[in-house]
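Next up: the structures, one after another.
You will see two complexes here that share chain A, one where it goes with chain B and one where it goes with chain C.
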Partner chain A sequence: MLVNRKLILAHFWLAFAVFGIALTLGAWQMFIRSPIGTWLSNPELYYRSLTAHGTVMGYVFPTLVAMGFGYAISETALQQRLVGVRWAWTGFWLIVIGSIMAVIPIALGRASVLYTFYPPLIGNVFYYLGVVLVVVGSWIWVALMSVNLRVWRKANPGAPVPLAMFANVAGSYLWAWTAVGAALELLLQIIPVAAGLKNTIDAGLARIFFSWTLHAIVYFWLMPTYIAYYTIVPRAIGGRVYSDSMARISFILFLVVAMPIGMHHTFADPQVGAGFKFIHSAFTALVALPTLLTVFTICASVEIAARLRGGRGMFGWIRALPWDNPMMLALAFSFVMLGFGGAGGLINMSYQLDASIHNTQWITGHFHLIFGGAIVIMYFAIAYDLWPHLTGRELMDIRLIRTQLWLWFIGMIVTTFPWHWVGILGMPRRMAYFDFADPAIAPQALSVTFSAIGGFVLLASGIMFIVILARGMRAPLADAGPYRFALAVHEPKTVPVALNTHALWVALMIGLTLTNYGYPILNLALSSGTSVPAVYVGAQ
Partner chain B sequence: MSTSDTHGSASAEVAARVERRWATIAVVIIVVMALLAAFAGIHRATMPQPRVETTDPSRIHLSGEFVESNLGSVLEANGAVTVRAIGQQYSFTPACIVVPADTPITLRATSADVVHGILIQGTNINTMLVPGYISEQLMRFTKTGDYLMPCQEFCSFGHEGMWGKVKVIDKADFANRAKGGGRLSCVGQ
Partner chain C sequence: MSRRDLFTISNSHFRIGVGITAAILIVTAVAGFIVLPFAQPWVQFAGVWDAICSAAGVPQRTANVTVPEQAKRLSEVVLTSNTLSRPSQEAIGRGATLAQRCAICHGPTGVSRADSPNLAGQYAAVIYKQLHDFRSGARTNAVMSPFAVNLTDQEIADLSNYYAYLPRLPAYHPTPQLPKPNIVIYGAPMRGIAPCGSCHGSLDNKTGSPWLEGQSEAYMKAQLQAFATSERRNDISQQMRNIARAMTPQEIEAAAAYYASQPPDVVKAVD
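Let's look at the complex of A and B:
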């Protein structure tokens, strides 16, 4: 049951349009700082571009995908018209207005602070207000997901909440709480300074607030991908979900342990002691658990599909998989990238190893591989899967879809593997150019060139993606039938209350955040003499 | 696929058992990793900076350990070396740090304006410089030679030009240079 198709399409189209722009900027950045580009006479242009790329890819694009997908899940999984459509449109328009408000100062060079803000650097106040509007718009979505589930529960007392909706609501709660860290940083610290009400700021405290958001936001980006793994992939390839309850446990674990771990981004920082860094490091190890469980459940679900198709043997079943099915391809690519990216992540979370690669190009390679690779390729798959149901038209270009997915995978590997390597060599992040004539830097030139070429492969793939969707809007009409989610091998008839509701887990999430962040934040907030003068960008 | 027949419930049990086994393996992997990190932290002293120290960046050039005349490398009475440095848009002071090989060295650094970072290429020496706070890193070089020391954190439009250098020299050579007292650096050499 997809009633509000226009609403969902609006979210997806805006998401993919801004994605296209940010992807183009990204490819240009890769080119201009590589040996095949010429030195920028004005490095400031690079940082404008970088701020726009990060702000769009970090805040706007994944949020819109999660929202559009969330509305689609709410209508299809619950078989219920979306409640609060007007509010949903309000949220959408807040994001549009917020994005425009943020992008103007960026384009003018008045907000080149990168999407991670970096106070005491302070940009134009409208940049921050724009970001706040985007977040507020997304919070409306969070509230709507909760309201829609509540309405459904009233009509279906005690019934198991469909897995897709259970996970979707967990993702929305995760986002609501995750965004609070950056919101506190913006509202209490940065915006008063940017508006001229204050002229000093505690940079150390700001970094701790931001770390609250910076890590868990990754799991918010990941949610649509994991929902697709569990509830779309098995259906699309003709299998079943191995275990419904393990899926619920994974999503709950993300909700609880994604939050209190952000300080592993600040291992090298002087404003927190080693104790809390160790606690956050250990909790970060815990967050690998839901991913390990997911890898098992999804591989088992895929194996079921293969065996239903006649696959045999210990590994022989792999050949029986429907490899020409775009969903199968996307899943396989996503898992390969998740494997490499996850292994890199384990290195980042251990503070012994982190010291070797902290703030080097390794980190940039890492999150592009995980987010741009493993996560975004499933966003593509979600769009391809939903498109016929949203447009009422068939997606005709199956071969083109396969090529697009292949190119994205190849492009991401070619871009990020050399990127990791130069990080190990000690190449720092966020630099507009490098002096490749320096004998100490020259050995990195070849790797950086490969990365830049990979960037263009990604750009080509991104353009193909948008073209395929645009052509899908004009294809002949065809009824795609009702939208279905994957069934479990053993469909749940009843589900324990703990696996059917979120309240307990939300309470744990908040509780763990308070224990892991409360003391460091209070300690920094109450210590005097650590506020430093703001440095206004564009004022020099 | 029905759960009502006996075959279904038997297969459900097998499925649950396999799943539990995997979950146990996953938990063991994670516990071992956390224990290894704790062990390495305690026994190999590879820990992040343990203490938090603060300083007022608007006064560091006037008094305290980061006044200009105190920046650079100093040979302490116990044979160890202390290096003091600051980062500011867009350079380090001193821009070239000179240290002896095979000597325990303490790097103490802070920022005079925005957030910077110190990374010494080819080593695992890597720390943030956050204005208002003092960063401390223990280091020891085994090989003499020149190392690049870029700023690893975005510090505004000149970030790409913020590169310093570390010159590791022979221990005896360093002791010779340190004889006259004062603070050593290799700026201009």
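Let's look at the complex of A and C:
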């Protein structure tokens, strides 16, 4: 039951439009710092572009996808009209206004601070206010997801919450809480300086606040993808979810352990005690658990589909899978990229190994593979799956869709593998220019060139994606029937309260945040002499 | 079970969830705060509490190594991009009077005929910082230091505002404009050298960095060499020393010659 199609389409279209722009900037960045581009002689332009690319790809694009998908889940999984449609539109418009407000100073070169804000670097205040508006807009969505679930529970007391909605609300709570870190950083530290009320800033404390956001935000990006793994893929390929409880446990684990681990981003920072770094590192190891559970459950679900289609043998069933189905392709590509990216992540989370790849191109290679690859390819799949239900028209270009997914996969591998490699060789990230004529880095020229070529393949794929969706808006009308989510092998009749509600896990999430962040934050906030003068972008 | 019993010991999910979480927290805390600190034989702790405080990052009041007394003074000037940003006409006037004693070297119009730096139109924060450093002894020069030692804070601010206010006139040693050498526009990324222009004006300006166009070639070369040998050390956090040390003698020559040959009107406008 999709009633508010316009609302959902608005979110998706805005998401994909800004994605297209940021993708173009990304390809340009790749080109300009590779040996095939000619250097512009002005690093500032590079950092403008990088700030725009990071801000859109990190904050605006995934948030809009999660919101649009969340509204769709709420209406279809709960079979209930969205409550609070006006509020939903308010949230949407806040994001539109916030994005415009942030992009103008970036374009003018007044906010080239990169999406991680980089204090004590301080840009124009409207950039930060724009980001705040985007976050506030998304918090409205969080509240609406919670309210809609509550309304449904009233009407269906004690009934198991549909898995898609359970996971969706878990993701929204995770986002609500993790965004608090960056919000505190912006409101208490950066904005007062940007607005001219103060001219010093505690950069170390600001980085701690940012790390509060930085890890769990990646699980927020990942939520729509995992929801699609569990609740769309098995249905689309004709199988069933292997275990509904396993799915719930995975999402719960994300809620509990995604938060108290962000200091793995500050391993190299002197202002954090080594003991806390160790605790965060240990909890980071735990976060592999829900992903391993998911990989197991989804592989089992896919096997069920294959066996239902007549596949047999130890591995022979793999051939029986519907490989021409875009959802199947997307899942396979996503898993391959998740596997490689996850292996790389093990290196990042290890205190000692991290030291060798800290701040190198390895990091950018890593998160493009996981985020741009494993996660975003499922965003494409979600859009393809929902589009006929949102537009009431059929997506005709199945071959084009398959080509698009293949190109994204190939492009991502070609881009990120050499990207990792030059990182291991020590090439720093966030550099506008490399002098490949220098014998010291001349051997890396070839790898960087491959990366740049991969970047253009990605750009081509991204354009195809947008074209396919745009053509889908004008295809002949066709009724796609009601939207359904995958069923479990054993559909739950009753679910224990703890697996049907979020309260216990939200409490643990907040509790662990206090234990793992409380002292380091208080220590820095209460010590004097920890602030440094702000450095204003573009100031003379 | 009803939702009211969620947070009770009788709920096995509560027991297991909270129990496992707490157990992991305790084990990792013991490892991180007690076991691992003592596993480092090269660090000595007074006791368990000392180890815990150290691992927690509590600022240590007593350092167990004695810091050698700083032999030479370092710069203590704090600059922000707002330093001296809105001078009054009176301040500029007072500065003009004071500047008469500087004219013998720096020229009556702020453009030097000798190899002293040109000051006309230099950023105020730059002159402000250098005068403070001459006064404190963080920077020394046989001729300049005696002029600076008796200046008051007010006089330093007035002089800085005055010189910043003067128009940027062409320098006295005209040479044909040279093309940009690589060190100026690209730096040397693999040696950790940012482009000169990214601080000194042609690409971007960072607070406290002077613009250099039209300065005397001999002066700039001497300063780069002084930075490279740490003879001059008033650059905050060794910003310039780190760069000058990594520069080759040829790069120093090229950068000095290039900047000396540039007319001042290519400098990015202030404010």
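Here is the rule we use: the second predicted complex is superposed on the first by the 540 of 540 C-alpha atoms of A that agree within 3 Å, B and C clash if a C-alpha of one lies under 4 Å from a C-alpha of the other, contacts with A are read in each partner's own complex, and residues count from 1 in each chain.
Convention: a contact is a pair of C-beta atoms (placed from the backbone, for glycine too) under 8 Å apart; a residue touches a chain by one contact, two chains touch by 3 or more.
Note that this is a predicted model, so its numbers are computed, not measured.
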Broader residue contact with chain A after superposition on the shared chain, chain B or chain C: B
Touching partner for A:Gly310 - first (chain B), second (chain C), both, neither: neither
Partner chain(s) touched by A:Val535 [first = chain B, second = chain C, both, neither]: both
Partner chain(s) touched by A:Ile279 [first = chain B, second = chain C, both, neither]: second
First (chain B), second (chain C), both or neither touched by A:Pro476: neither
Touching partner for A:Leu504 - first (chain B), second (chain C), both, neither: second
Which superposed partner A:Glu44 touches (first chain B, second chain C, both, neither): both
Common ground on chain A, meaning residues reached by chain C in one complex and by chain B in the other: 43-44, 271-274, 277-278, 282, 286, 431, 433-434, 438, 440-441, 527, 533, 535, 540
Touching residues (chain side chain A, partner chain B) in the complex: 43-44, 46-47, 112, 114, 118, 120-121, 202-204, 207, 240, 242-243, 246, 266-274, 277-278, 281-282, 285-286, 288-289, 292-293, 296-297, 300, 346, 350-352, 355-356, 358-360, 425-426, 428-434, 438, 440-441, 489-491, 493, 527, 529-533, 535, 537, 540
Touch list for chain C against partner chain A, complex: 1-3, 5-7, 11, 13-14, 17-18, 21, 24-25, 28-29, 31-33, 36-37, 52, 54-59, 78-82, 123, 182, 185-186, 188-190, 195, 198, 203-207, 268, 270-271
Partner chain C, residues of chain A touching it in the complex: 39, 41-44, 199, 256, 271-279, 282-283, 286, 431, 433-435, 438, 440-441, 496-499, 501, 503-505, 507-508, 511-512, 515, 519-520, 523, 527, 533-536, 538-540
Residue ranges of chain B touching chain A (in the complex, touch as defined): 1, 3, 8, 12, 15-16, 18-19, 22-23, 26-27, 29-30, 33-34, 36-38, 40-41, 44, 46-54, 56-58, 89, 110, 113-115, 117, 119-122, 124-136, 146, 148, 150-160
